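In what follows, a single structure is set out as structure tokens and then discussed.
By letter and in written order, the chains are A, B, C and D; residue numbering begins at 1 in each of them.
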Amino acid sequence: MTSTLPSSFAALTNARVIDLAQPLKRGIPVSPNHPGFEMALLRRHGDMMRSDGGSAANEIIVLGGHVGTHIDSLAHVSHDGKLYGGVDATEVVSNHGFAALGVDSIEPIISRGVLLDIVAVRGAPLAPGEEVTVQDLERAEEMAGVPVREGDAVLIRTGWARFWDQPDVYLGKTDGAPGPGSDAAEWLASKSPVLAGAETVAFEQIAPGRGHAILPAHRILLVENGVYIVENLNLTQLAEAAATEFLFILAPLPIKGATGSPCRPIAVLPSQS
Amino acid sequence: MTSTLPSSFAALTNARVIDLAQPLKRGIPVSPNHPGFEMALLRRHGDMMRSDGGSAANEIIVLGGHVGTHIDSLAHVSHDGKLYGGVDATEVVSNHGFAALGVDSIEPIISRGVLLDIVAVRGAPLAPGEEVTVQDLERAEEMAGVPVREGDAVLIRTGWARFWDQPDVYLGKTDGAPGPGSDAAEWLASKSPVLAGAETVAFEQIAPGRGHAILPAHRILLVENGVYIVENLNLTQLAEAAATEFLFILAPLPIKGATGSPCRPIAVLPSQS
Amino acid sequence: MTSTLPSSFAALTNARVIDLAQPLKRGIPVSPNHPGFEMALLRRHGDMMRSDGGSAANEIIVLGGHVGTHIDSLAHVSHDGKLYGGVDATEVVSNHGFAALGVDSIEPIISRGVLLDIVAVRGAPLAPGEEVTVQDLERAEEMAGVPVREGDAVLIRTGWARFWDQPDVYLGKTDGAPGPGSDAAEWLASKSPVLAGAETVAFEQIAPGRGHAILPAHRILLVENGVYIVENLNLTQLAEAAATEFLFILAPLPIKGATGSPCRPIAVLPSQS
Amino acid sequence: MTSTLPSSFAALTNARVIDLAQPLKRGIPVSPNHPGFEMALLRRHGDMMRSDGGSAANEIIVLGGHVGTHIDSLAHVSHDGKLYGGVDATEVVSNHGFAALGVDSIEPIISRGVLLDIVAVRGAPLAPGEEVTVQDLERAEEMAGVPVREGDAVLIRTGWARFWDQPDVYLGKTDGAPGPGSDAAEWLASKSPVLAGAETVAFEQIAPGRGHAILPAHRILLVENGVYIVENLNLTQLAEAAATEFLFILAPLPIKGATGSPCRPIAVLPSQS
């Protein structure tokens, strides 16, 4: 940041910005329920040369709203036909997507972020299919030294981000993936955070061989409590920086009526000076 | 923002956040050089009901890297075969996109933002095809009361954002669109901002009937000076708030090798208390 | 055709094959109700060179099921919630598309084709927004010298194909497009053809400025009579060959549950020997 | 076929038509080098109801040119930078795809088809990774009772089509897939067929664990001899019908400049009467 910030925001001037997103490219892990990521250059330099020697390159991109690091809107999951707040899931949907609770209804989020580092709690990355428990969360909160409060962005680290380049492992096809069980989801919801994030594709405990049959954390957070979910985070750098409390910024793409949006959340840490 | 921010960032607590992005949906104005925007729900609630009553909806999205509010990376434009810094445009390109200067090389941007409100300078929105001149920029800078400095995000308002819902007008097919000429682009570049943004699809002065034949501002900013360009901004609210100096935040999607990325830039204004 | 055909099909050996499809590429006319056509090379030769000197190029394609020359399946249009045969339109649809009446239910079509050349009847191409009447069809049938029979593919020429390279004219945005009115559609349906085809995007009379508000021919043919519709045909060469009766072949892509499929129908004319 | 065909083509009237294509839907086997297949309904019935009770459904489709049953054009593969006929691969390519040898240069194919049933020769489906040899082809030709001639469509059956619903097996990720080796490809090319088809994704012998490192049959057929390749055929029904010689019809989509096109080839067998 070379810019001199307005005096009100001087504290940000030498702050450290940590990127929490995984890179988007062909071949990244994508749940089979969602379209994969494709990017192809439509034009390359030299394909169309302007009279003055100028030329432009561009691309076409295909992806699902839940591909890469992304946020789930409240339109994403229903239970017994109802979305958050009792909204009838079929009444608000059309070819324009969701008229209510879509990702375009999510204002840019600037909140306190709290890292709950379960890897630190356990002393090791979680195993495939392992459950993140209430005890894990409470111990992580204690280690963080900051209680989770209303409006926070709570980020749960399991160490799973390291498998991003191994899609089969990451997706947990055979052995599952670690994540919060129902109790942990209830604990999170009880704190009224603005969102809860994780390093896996599903923000759920996916037991080995069980697949995505039932997704209680989605029900508890999205449908019952109106808490957004962020998936496929990379919390490695944040943990390495020993950051527990930070400024969290996430601005989803304003896609009308979509159930999710790829995004690039960031954590901002106070200057070390 | 209900969250209590870390004390270092307390200034942000009651700050006002202004969304600078246009909404993404079918039918938005897209240059014919780029793929349009498509979003279709793949699953709707009820299509697949889980045993516990849960159901999920999701979508497929197709778009160009330069669709909606977006940032141009330095890989977007070349001149005489060279990108910024003399990089040979053909040497760094492959099916993986650009190995250098792609949008994934743009770190999340947190900088001072400055609004150069040419509508205020002129007393009226600019006409189609009208040139934003150096005099316009200098008068706007004077009105803003803040000199543009190195690293700033400079946003140029022409009032064009109001045509977003009229794609033919917005694209300037017959009458052109207003924007900076070569001199204005040189003036901007001389200030070494991190980026320059505008409310039009091309950032450029597009004279009536001239089409996008020559794009000098792109050459000057991207190729010769390494200044990113942001297009299709909506600066209406920012002007209404009489904001001239603010915190500007933009985090492009980390799409490996792409020449641009849709994004949702925001302006943060100090609390009015 | 250099191949010596099996003796049963010897009649085809020197037959003339006429392509009835319009080319697919960026910028072709597409109704705003449908996704446009995009094709971008994913890999170009040299991007990935195999150890033996081999290299492959390929592409990504995005399109609607009703883009370019295409066939409408019976799942495409409903009336008062019912598809052909009284099938409830909402009961057969899911994220897998249509479980009944989708384009995958259309067997490859090999039938007699009959050209009803309204341009020849009128002595000139039809004007924008002009109605093809029952009298037109009857006179064209008389000129063809062959009565339309059950199972035929009936192709109606208006001369509109010549506007394919002028998308705004072709789509009839301001002046409309020529096509069969309700009476003509009823006449066609009464003959029980397998399909009816036209050179326009909508197989309807689109009166100037009226848009696609009501589409009676679609209702009559698809919903009430189970007759497929083929749109965006190019019948120019067929008319130039003075072909009135011919072998018609159309094999839609077997896209599970889709409402339409791009296709390349052909007419085969007997050898002139 | 209920239609009474023109007298020249009467032989086709009660002919049997056999579909040689695999169905297109999400989840079908696609080589990782190519974009997968996606189809999502954009509109469902009822989303937009016209004033008269009419409603339409449609879709968006994303796919590679080499997805599902498809034909490879001569632009698909190069060797030492050259396409068939010594065409320089980089000179004919642009953002419009290939100016020469693209799939749009393939005229609709109506030829004699010959089934070389290697399953019948061997008495069993081929094993993963197994080579189809010259001896196999010669014995199959003998069993067919018809010598392969210039201009024929030669279809090689290995029994692999039965794995279409098991993508990992079909793609041969671990164990490979059966197909012609170099010698068999040379034998095929020496007959000057218009095309050679197979039931696998790559036409080639893919030895276990070897991947698609070298593709000699593509080089021999496409680059050196100008013989098109058709992949992902389903020849099961053709074999069950004991068809050896038949009418073969394939009309690729006329996609300007593409290297391949999905298609729905058919075999037509003489009436059994």
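Simple rule for what comes next: a contact is a pair of C-beta atoms (placed from the backbone, for glycine too) under 8 Å apart; a residue touches a chain by one contact, two chains touch by 3 or more.
Worth saying up front: this structure is predicted, and the values here are computed from it rather than measured.
Chains that touch both subunit A and subunit D: B, C. As for how the two copies subunit C and subunit D face one another, over half of their interface residue numbers coincide. Ranking B-C and A-B by contacting C-beta pairs places A-B first.
The most distant chain from subunit C is A, comparing centres defined as mean Cα coordinates.
Subunit A and subunit C have CA centres that are 45 Å apart.
Mean C-alpha position of subunit A lies 24 Å from that of subunit B.
In whole angstrom, the spacing between the mean C-alpha positions of subunit B and subunit C is 41.
Multi-chain contact residues of subunit C (touching two or more other chains) are listed as 35, 38, 40-44, 59-60, 62, 95. Residues 27, 32, 35-36, 38, 40, 42-44, 47-48, 62, 94-95 of subunit D are the ones touching subunit A in the complex.
Here subunit B touches subunit D in the complex through residues 38, 40-42, 44, 59-60, 62, going by the rule given at the top. Of all residues in subunit A, only 1-6, 8-9, 11-12, 15, 17, 19, 21-26, 33-35, 39-46, 50-66, 68, 75-81, 83, 89-90, 93, 95-98, 104, 107-108, 110-112, 149-153, 194, 213-216, 218-219, 245-247, 249, 251-260, 262-266, 268, 270-271 touch subunit B in the complex they form.
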